[in-house]
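In what follows, chain A forms one complex with chain B and a second complex with chain C.
On to the complex of A and B.
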C-alpha cells in the first residue's frame, strides 16, 4: 500500500533524510533551505527520528560539525543554499578530501549581489571541482528518493565521497506535491546501517585525519578521489536501478532521457524546469519535430558516456543553462561541449543562458528556442554560440 | 577496530608520532616557562596545548621544549598566571 503525503520539496528532503536514518544533523538557517532543517527538528522533537541536532553559529561550523560526525562513523546530513554554501566552501572541500560520506541538500539560489532568493544553479555548480558527487533532482518525489540513494552511493566502499543533492528554490523547495513516502522497512533493506571504514576515527586507536601531505603524495590523494568519482558513475546507476526494483521508481541513473529515440535535436537541461522542457518536447512532437530531452541528473561524475551516446545521432544539442561562467558561456553548456568534443561526428551545440535569478523558464520559452535551433538547421537564421535569452534592453541601457 | 596498519587508507591519515615534522621547537620565538611555586597542578595547560607538547610527570605539567612551538596558549589559559613567555636566548 502506498503512503501518499502532500509535501513541499524541502519537507520531502527531510523525509528522505529521516528514512535514511541519519544520526546527525547540523545546519544554519538560510532561505530557502530553512524548512528542511525545521522539519528534521520537528521529527527529532516528536521522537520520530533518533538523531543529534547541533545548532551552530555559521555554515562553516555546520559543515565542520558534519565532518566531525561523519569521521566517527555517524550518518550525517546538512542542507544549505547560496551564500550559506559559500560560507562553508572551505569545509566542503575538506569533507571530500577526507573522504567522508556526508549528504548535503542544496536548495539552489542565485548569488549576491544583486541579492536574490530565487533559483539558479550557480551555487550548486560551483562545487564541480570539489570532489563532491553532484546530483540534481527535479521534484519533491525525486528529492526524497535521491537523498536515500545518495547515502547508498556515498557509503559505497569504492566511492566514499560526499554527495550534494540539489533542487530549485521555491519551484521545487516550496511547491507542495503528492509524494509517495516509502516504508521504513524497505528503505532499511535498501540502505543498511553504515559500516565502519578504514579511516574512521577511533579513540582506542588514535590518528589524525586530513593532515599534511608533502608534494610526494598530495597528488596521489587527488588521483584517488578521481578514481572514486569514476567508481561513483557505476554506483549511481546501480543505486538508481536497485531503487527502481524495490520502490517501482527510477530516474535513469546519471541522465533521464525523454523521447530521445529518433530525435535529431536534443535539449539538455537540469532541474525543475525540465518538466516544462518535456511539455515543450510533447508540443513540438505533436507538430512533427523529432525532438527529445536529456535531463542532467548527475553533474559529477558528468554523464560523458551517456551524452555521447545520445549526441552521436543528433544534428544539434540545445543546452538550457541556468548558470554562467563569465567569460566562456553557460556552465552546463561548457561541460556538454567538453564532453562531446572528442566525438568524430559532432552535433552543433547551442548554449542558451536563461532563468537566472529565478526568471521563469516555461514550456513556451523552451519551444521558442527549439524552433530557432530548427531554423538554424534549415539555414533560415543564425544564433550566437552562446546566447543570453531575452535580455531586457531597459535594464542594461547605460 | 584493532591494528590499523593492515588497512589501505584512501584518505590522508597519520598515526600519532612525536616529531613527524621534525623538532618543531626550533620554530619558537617566545618560550613558556612554568613557575612551579605558583602552579596548582590543575593541568589546564596540558589540556589546552594544541601540540601535545605538555606532558604530566608526577602529577605536574612538564613542557617538552623539543616540540613546543611557543604559541603561548598555555600561558594565556593558566588561571594562576604561573606560565611566563620569555624571549628565546
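On to the complex of A and C.
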C-alpha cells in the first residue's frame, strides 16, 4: 500500500509539514525556498491542511510570527534560505532561547555578495551556536521524513528546542524524485497532537516569557539549553529508529554510515552530494580500496560519539566541506577535528573545501581527492591541512 | 462613586513595586490600559522601558501573560499569536502590543506596517516618551523639534514623525491618541478598541521625568499642558472618520489654545530654546491644527 508520488525536495518538505499537521506557517519568499511555501498555501487553500498562514513582509517577521504562534501552542513551520535566514537571525536565537519547538526548513544557498542562488552550507552552519537542533537531509524522501521526525524531536519534553532541517538548493530542492508519502494515520501514531507545555502563554495562568535575567541566573538558562541539546542526541536516535519501525525507512540517527566496517579511510560529508560520495566509495571499493563514508545528518547536537567510533580504527578522515570559516578552514572540518582530538590514536584529517556557490561535487572529484589521501598515506605526496579544491587561476588573477 | 469604579476597576494588573522610575508616564498609562483591557489579554513587549518595568526573572510585575520579544518584532509576533488564537476559537482574548516610540516609529515600523496591512486582530499601543529612554535618552524618530537628547545635544533639528497618520493610510478600523492627563478619554478609547475586530492603533503621550528633565511630581501636569497647548492632540479615527475628543474638541480655535511656551518651560529638554525656536515650534503646532480643520 505504498503511495508513491513524484515530488521535488521542496514539495516533499511541504508534504512533510502537512503530514505533521502543522497549524501555523509564516514565511517570506526567497529563491530557492519558494515552492515549499507555495505548496503549503495550496494545501491550505484547498482545505487539505487546517492551518493559518501569515504572509509576512520580511523574514524577521516570519520568525517573529512563528514564535508568537508557537508560544500559544501552535505546531509552527517556516522555511527560508541564505539572506532570508540572516535577516531573521536575531529571531532565530530568540526561538531557541524561548524554548519553542518550531521547525524550519533551510534550503541552503550561498550568501552574497557576489549574488548566488546555488547551494553551499554557510547559511545552515551559521546556526551552530544558536541553540537550534540542526539536521540535514540528502534527498526528497529524507526531507519529508526528517520534517516529521523533527517535530517529534523538538516537542520531546526533555528537549523543547527548535529544529532546522537543511537540504541543498536545486540539487535536492528542485529535483523531482519518487517519494513514498506515508499514510496520515501512521504519521498521527508516530507524531501525536502537540501537548500543552508549561511555558505556553495562557490567560488563565499568567506568565512572563523572557523577563530580564541578571548575571546570577542568565548562565543557568544557557546551561539548560545545552542540557536539552545533549538530550536531543538520544531523541534523534530514537525518533529515527521508531520511524524505521513504523515506515520501514531510517537514516542512522545522527550519521549515516556507508561501507565503513573495515575502512582505513572514511569520507565525511553532508547533503545531496553524499550520493556521489557513495558512488565514489563503490568505485574505489571495486578497485580494492578500503574506503567508507559517514554522512552527517545532525550538526547540532554533533555526532561526536559516532564519529569517534568510526575514526578510532581508520588512518585518515577526508572531510568534504561545502562551507568555510575564513581563517581556520572548512566549517565541518573544524568540527570533525574538534570531535576527534581527544582520541589517543588520532587519524589524519584532510579538509577539502569544495562546491561553494553551487559548484558541482561529483563522484569523479571525490574519487580523485580520496586517491590523493591514499597517496599521502603511502608517502607519495603531501596535501595542505586545509585545501581549496580546483581554484581557477583565471578568476583569482588580479 | 460607583461610576468611578465602573470606569476604573479596582483590580490592579500591574503590580506595586515594579521597576519604573518615579513619575513614570508609561507605568501610569499601563495601569489604565490593563484596567480597561482586563485579565483576558496577552501582552507582547519589545525592547523598551517596560522590558525593565516587568521585573527580573523569576518574578514579574504583570498579572497577564507577557511575551518579551526583540525590538523590531512585536507586531509580527502579535500576528502569530492573534492568528493562532483565532484558529483555536479564542477570539475573546485581547492580543496587545505595548511598545515604545523607538520600537514603533523606528525599528518596529516595518513589522507594524505589515501587520496593520494584513489586518490581524491586534491592539497595538505605542507609549511615546519621545526618545530612546531605556538606553538613556537618545533621539528617536518621535523626538519633537529642538528637544535636547544625548544624541542631539543642541536640539533635535527635525519635527517628530506623525505615526497615527501613517497608520491611517493602512485603512485600519480604529486609530486613537491618548494622554495620562485624561484617563476617562483614554479608557473610553481602549474599551472601544477592545470591541472592534481588526487592527487597532493607539498612540499615547508619555511624559518621562528623567528624559524630559522635569520634577517627577509633575507628569500629569506636563501631560495636561501638552493637550491644552495643542502640542498633543486627542482624537480618534474610526473607519476613516476623524473626530477630536476630550479637551482637544474645543481647541480648534487658536485663541483657546495656551501658548506652547507654557508646556515647554516645564521641561529641561527645552531649556536651551531661543525665541525663534519657540516660535517655530508654535508655528508647527498651528499648522498641524490647520490640517486638522481640513479633515
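Everything below uses one rule, namely that the second predicted complex is superposed on the first by the 398 of 398 C-alpha atoms of A that agree within 3 Å, B and C clash if a C-alpha of one lies under 4 Å from a C-alpha of the other, contacts with A are read in each partner's own complex, and residues count from 1 in each chain.
By our rule, a residue touches a chain if its C-beta (ideal position, glycine included) is under 8 Å from a C-beta of that chain, and two chains touch if they have at least 3 such contacts.
Model, not experiment: these values are computed from the prediction.
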item	value
Touching partner for A:160 - first (chain B), second (chain C), both, neither	first
Partner chain(s) touched by A:97 [first = chain B, second = chain C, both, neither]	first
Chain B versus chain C as contact partner of A:211, first or second or both or neither	both
Superposition-derived comparison: chain B or chain C, residues of chain A touched	C
Partner chain in contact with A:321 - chain B first, chain C second, else both or neither	neither
Which of chain B and chain C A:196 touches, first, second, both or neither	first
Which of chain B and chain C A:74 touches, first, second, both or neither	second
First, second, both or neither for A:335, with chain B first and chain C second	neither
Interface residues of chain A shared between complexes with chain B and chain C	202, 205-213, 217
Residues of chain A touching chain C in the complex	23-24, 26, 50-52, 54-58, 60-62, 64-74, 76, 90-91, 94, 201-203, 205-214, 217
Touch list for chain C against partner chain A, complex	39-42, 44, 51-52, 54-60, 62-70, 72-88, 93, 110-111, 113-115, 117-118, 120
Complex interface listing, chain B residues touching chain A	1-4, 7-16, 21
Touching residues on chain A, where the partner in the complex is chain B	97-100, 160, 196, 198-200, 202, 204-213, 217, 221, 224, 228
